[in-house]
Amino acid sequence: MMSWHWLIEWQTPYEFHGHEIKKVLAEEKSEYQSVMLVEFTRFGKGLVIDGKVQSTIYDEYIYHESLVHPIGISLDPSPKTALILGGGEGATLREVLKYNSIERAVMVDLDGKVIEFAKRELKEWHRDSFEDKRTELIIGDGLDYVKNTKDKFDLIVLDLTDPLKGSTSYKLYTKEFYLSLKNILNKRGGIVTQATSPSFSAEVYSTIYTTLKQVFNKVSASYTYIASFDGLWGFVYASDDADPSSMSKAEVENRIKSRIKGELRWYDVDTHTALFSLPKNIRKCIENNTRISTEENPIYVPA
Amino acid sequence: MMSWHWLIEWQTPYEFHGHEIKKVLAEEKSEYQSVMLVEFTRFGKGLVIDGKVQSTIYDEYIYHESLVHPIGISLDPSPKTALILGGGEGATLREVLKYNSIERAVMVDLDGKVIEFAKRELKEWHRDSFEDKRTELIIGDGLDYVKNTKDKFDLIVLDLTDPLKGSTSYKLYTKEFYLSLKNILNKRGGIVTQATSPSFSAEVYSTIYTTLKQVFNKVSASYTYIASFDGLWGFVYASDDADPSSMSKAEVENRIKSRIKGELRWYDVDTHTALFSLPKNIRKCIENNTRISTEENPIYVPA
Amino acid sequence: MMSWHWLIEWQTPYEFHGHEIKKVLAEEKSEYQSVMLVEFTRFGKGLVIDGKVQSTIYDEYIYHESLVHPIGISLDPSPKTALILGGGEGATLREVLKYNSIERAVMVDLDGKVIEFAKRELKEWHRDSFEDKRTELIIGDGLDYVKNTKDKFDLIVLDLTDPLKGSTSYKLYTKEFYLSLKNILNKRGGIVTQATSPSFSAEVYSTIYTTLKQVFNKVSASYTYIASFDGLWGFVYASDDADPSSMSKAEVENRIKSRIKGELRWYDVDTHTALFSLPKNIRKCIENNTRISTEENPIYVPA
Amino acid sequence: MMSWHWLIEWQTPYEFHGHEIKKVLAEEKSEYQSVMLVEFTRFGKGLVIDGKVQSTIYDEYIYHESLVHPIGISLDPSPKTALILGGGEGATLREVLKYNSIERAVMVDLDGKVIEFAKRELKEWHRDSFEDKRTELIIGDGLDYVKNTKDKFDLIVLDLTDPLKGSTSYKLYTKEFYLSLKNILNKRGGIVTQATSPSFSAEVYSTIYTTLKQVFNKVSASYTYIASFDGLWGFVYASDDADPSSMSKAEVENRIKSRIKGELRWYDVDTHTALFSLPKNIRKCIENNTRISTEENPIYVPA
């Protein structure tokens, strides 16, 4: 009996990947997006938004630890205040709260329905993060928040949907936005953004790097393979002060030990090295890129 | 107009990846397999055997350079004689012949029709390798060749199809076979085998490592992402003398320069580091594996 | 944004049809099968069992009216007692109960869980049929029921799953079974069976005809196109007395009017003609068939 | 080993059908379209244009005989001159030439490359039709031909691609075009057009009927199931004099015998009846339609 119930994810119009669905666990349409929690045969529980796998039990920790910890341990001193834009599952929040030093973590997400969905259905992702006393959850537009807040932060994590044409998020990948982030970042603070896929949208990955380079002194790019995304995924870290890619192994080891409370499932010294060991094709792709994303001429992932 | 002409590659019965075919360039059925050369929209020219993408212009060099060079530069002295089992496209041969020191390269492939097909259709893969004076091409069974040859080699490269149940190649991943290889390997020589996918068949990847560990003193595993294989791909290197994973950056750089003639498109010092920087999940997978592949109890990739 | 949530129904290993799923409404696994109620973009609500579309709001009435009414109106006198084997949705029951003359309708279905599912989720199918005073619902094996009952019936409707190898139903398409049906059929009564697809399993369709011909004097075959089944569907009617295929238009019209209460959405005089107007390929297929399905040598639909 | 080489035909953006390709036999891109001759596992040789199955050895005769013969036998006297627009495979021409009475058959097709392709690759379709002395082949625009010719015809057959937005053919389904056809049709002559699918584009099928009704006195619609089109296919016949749908069985039988030379594989008296026996849903669809296709407001099949 051949498999019949499928998620077909289109990476491009000439490329699709099919994952068998064992069961649809929950489904909802919000004002902004269609949200579905499914049981995949290969990945177990997985969150699907608008037909794209957002994260699965199978490897969400690879994504979320790679996003948060390289920048988290690189900052000096260890971050006390963090701002997360996006990150509806609550797993980015979970990683941020692992820092002993964190006293306040503000999370701003546009889609209240997705947050409600996550609170109810994604316990394995967020654990008790939404109930943590240090957490402040704001349903609203990240762009507005950044423009209007009077607060400053040590760590800013951009866990946003890809810059799709017509999306709510594409402006959050532009030079103008990064400049406005700088206004609310403490001097020795750092930011990180998910940076789309070096496999499927290498130009976007590189442009995020190049654009951040226009605004911050120290910018570094990492990547790893995420099975449930069917390819490589990228992250870009930026700061005027810290540079995760140039830390010594000893330093990485030390800071992981002294700063992070609770289990890390994926991130350790050797994983840190792997994250920043870019093979030649990815290096060339970044080096050769000259494009900068601006409000006037923003970059988009292929539809 | 939506795309209509597809290769659907099944990684498992619950996982498929679709690649749009622009044109079928050549097609042939041999005694052993069905061979097709297509133009993919994403990857350009690609060789497909029994429905599996074997290699594409887009990234074949990533695969073939990762296979040959880490072991090639690690041997001391630089290899004079090489044996290649499989490798029908001629690209592994192409990489082996880049070594100044190579005086003789024997390639043994089972399927004469595929070789004829490759000679005729895959010029971009093999270049002039089949015509090189150092090349000896033998159409025949690798297992038999290894048992019967009187020759010894410095470098042995196993560029075989995956150990599928009922395949012609599954015995070439067993302890018994590795022992017979040792008989024809010079004392300071080394071998490498493609090791299937850490993404789709992690147990096979690990078992190849563990099995080689039973036979050789120094065994190391590498991996990289191959877009046209839809995931990570692995390689295992083994020797009683050399260990590519523990070379210093300076050594790697030096040996690449002094030994290899002609352009490398992917392999360099930083790529070498990337190849051997295993993230935690892959390390754990290898460390926890205890299985050994033997003739009596061989390991197979999932059908 | 391309469609991502799909039911892929395999008609054969070299033929599949994909229908977009808008939403999964309910899902359950019983001892015998996996049952799913979905909202299809094209068909609206649809029942899917083991990956096969069973019936949809869009065209279930075409299937159920074609199954019941040609034999129902052909019997003389109009049927008072009916036995339905299978028919979990309750829609065959619904059609049977439309006959003024029906005093008792026994429905025997193997899968209690599917019946519970139908009662709860498929109101549009069964309407109030399960609550009708004339209905007797038995959860149990049809084969056993037929062997053990002391009752006789005017009309027997076989609304069974296809005779798949290893299924619970393949014996219910054999000569032996048809002989045992004859024992519980009144002299002037008639039976009908769904007869699989003349498009995808023409040999099974024809063999059901030929097999019934061994047991009954008057056998006729009809067919129609069912969009949600992706092809033609067949029905075979058998009796020693009545022959729906040879009725005059006037007779058909008369009997529909005098016997059937409530709306018919599809079945009328011209539809009756269409059902029995077999084009040449289907006629030839039936005429040329010599195979008979027996317990020893049963026929199966292709897996 | 699961099937990997597929044609995926999209009937709508939420509906696709996959047919396994055994081998691509020939492939060509013309100025207008992409043409591919493949060996399907289910259908054998098949012609695919722009990703749509045009016709296959398996059932092309069902399509071509249903197109030509109902109108061909209905005309009185039997047609001497015929005009075919489209019909690149040459099979419509083949059927037209079967009439004893035919003295001249003009075929006008836009795409010379497709005709060359057909002549070379599709011998089983056209047989010797292109070489028949009665045949006149014109490479050119059908619309222009109809406007400019001084000739008149007894039979006009429109074997065109579907009226897709932006296609070369959509104007050939409008009232204006049908009016211009009337100018070149002899008084007692008749026309037929393929009328797309009652399953996938019922509104187009009905609108072709309604539009022809504006121009001709006698219009009738037929349909049949074409497996390689994955559904029903429709035809509409129009004349001021003849009506194939109202012929008696005897008349149909007689005229087939007296007029048509050579084997008919599908069309006979009972098939004629089947073609015009519309079930209720198709009848209602035609009856309820009020739309007319005009140059200003043409009808299109869903993209």
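All chains are identified by letter, namely A, B, C and D, in their written order; residue positions are counted from 1 within each chain.
Definition applied: contacts are C-beta pairs under 8 Å (C-beta built on N, C-alpha and C of every residue); 3 or more make two chains touch, one makes a residue touch a chain.
Chain-to-protein mapping (UniProt): A, B, C, D = Polyamine aminopropyltransferase.
Given the structure is predicted, the values throughout are model-derived calculations rather than measurements.
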{"item": "Those chains which touch chain B and also touch chain A", "value": "none"}
{"item": "Angular offset of chain C relative to chain D [C-alpha, multiple of 5 degrees]", "value": "180"}
{"item": "Whole-Å gap between the CA centroids of chain C and chain D", "value": "34"}
{"item": "Rounded Å distance between chain B and chain D, as computed from the means of their C-alpha atoms", "value": "53"}
{"item": "For chain B paired with chain C, centre-to-centre distance based on mean C-alpha positions, whole Å", "value": "55"}
{"item": "Chain D: positions in contact with at least two other chains", "value": "2-3, 13"}
{"item": "Graph class of chain-chain contacts, one of line, ring, star, complete, other", "value": "ring"}
{"item": "Every chain pair in contact, whichever chains are involved", "value": "A-B, A-C, B-D, C-D"}
{"item": "Chain A to chain C touching residues, read off their complex", "value": "1-10, 13, 23-24, 27, 36, 48, 50-52, 303"}
{"item": "Chain C partner contacts - residues on chain D that touch it in the complex", "value": "2-3, 12-20, 41-42, 62, 199, 224-225, 227, 230-232, 265-268, 270-271, 273-275, 277-281, 283"}
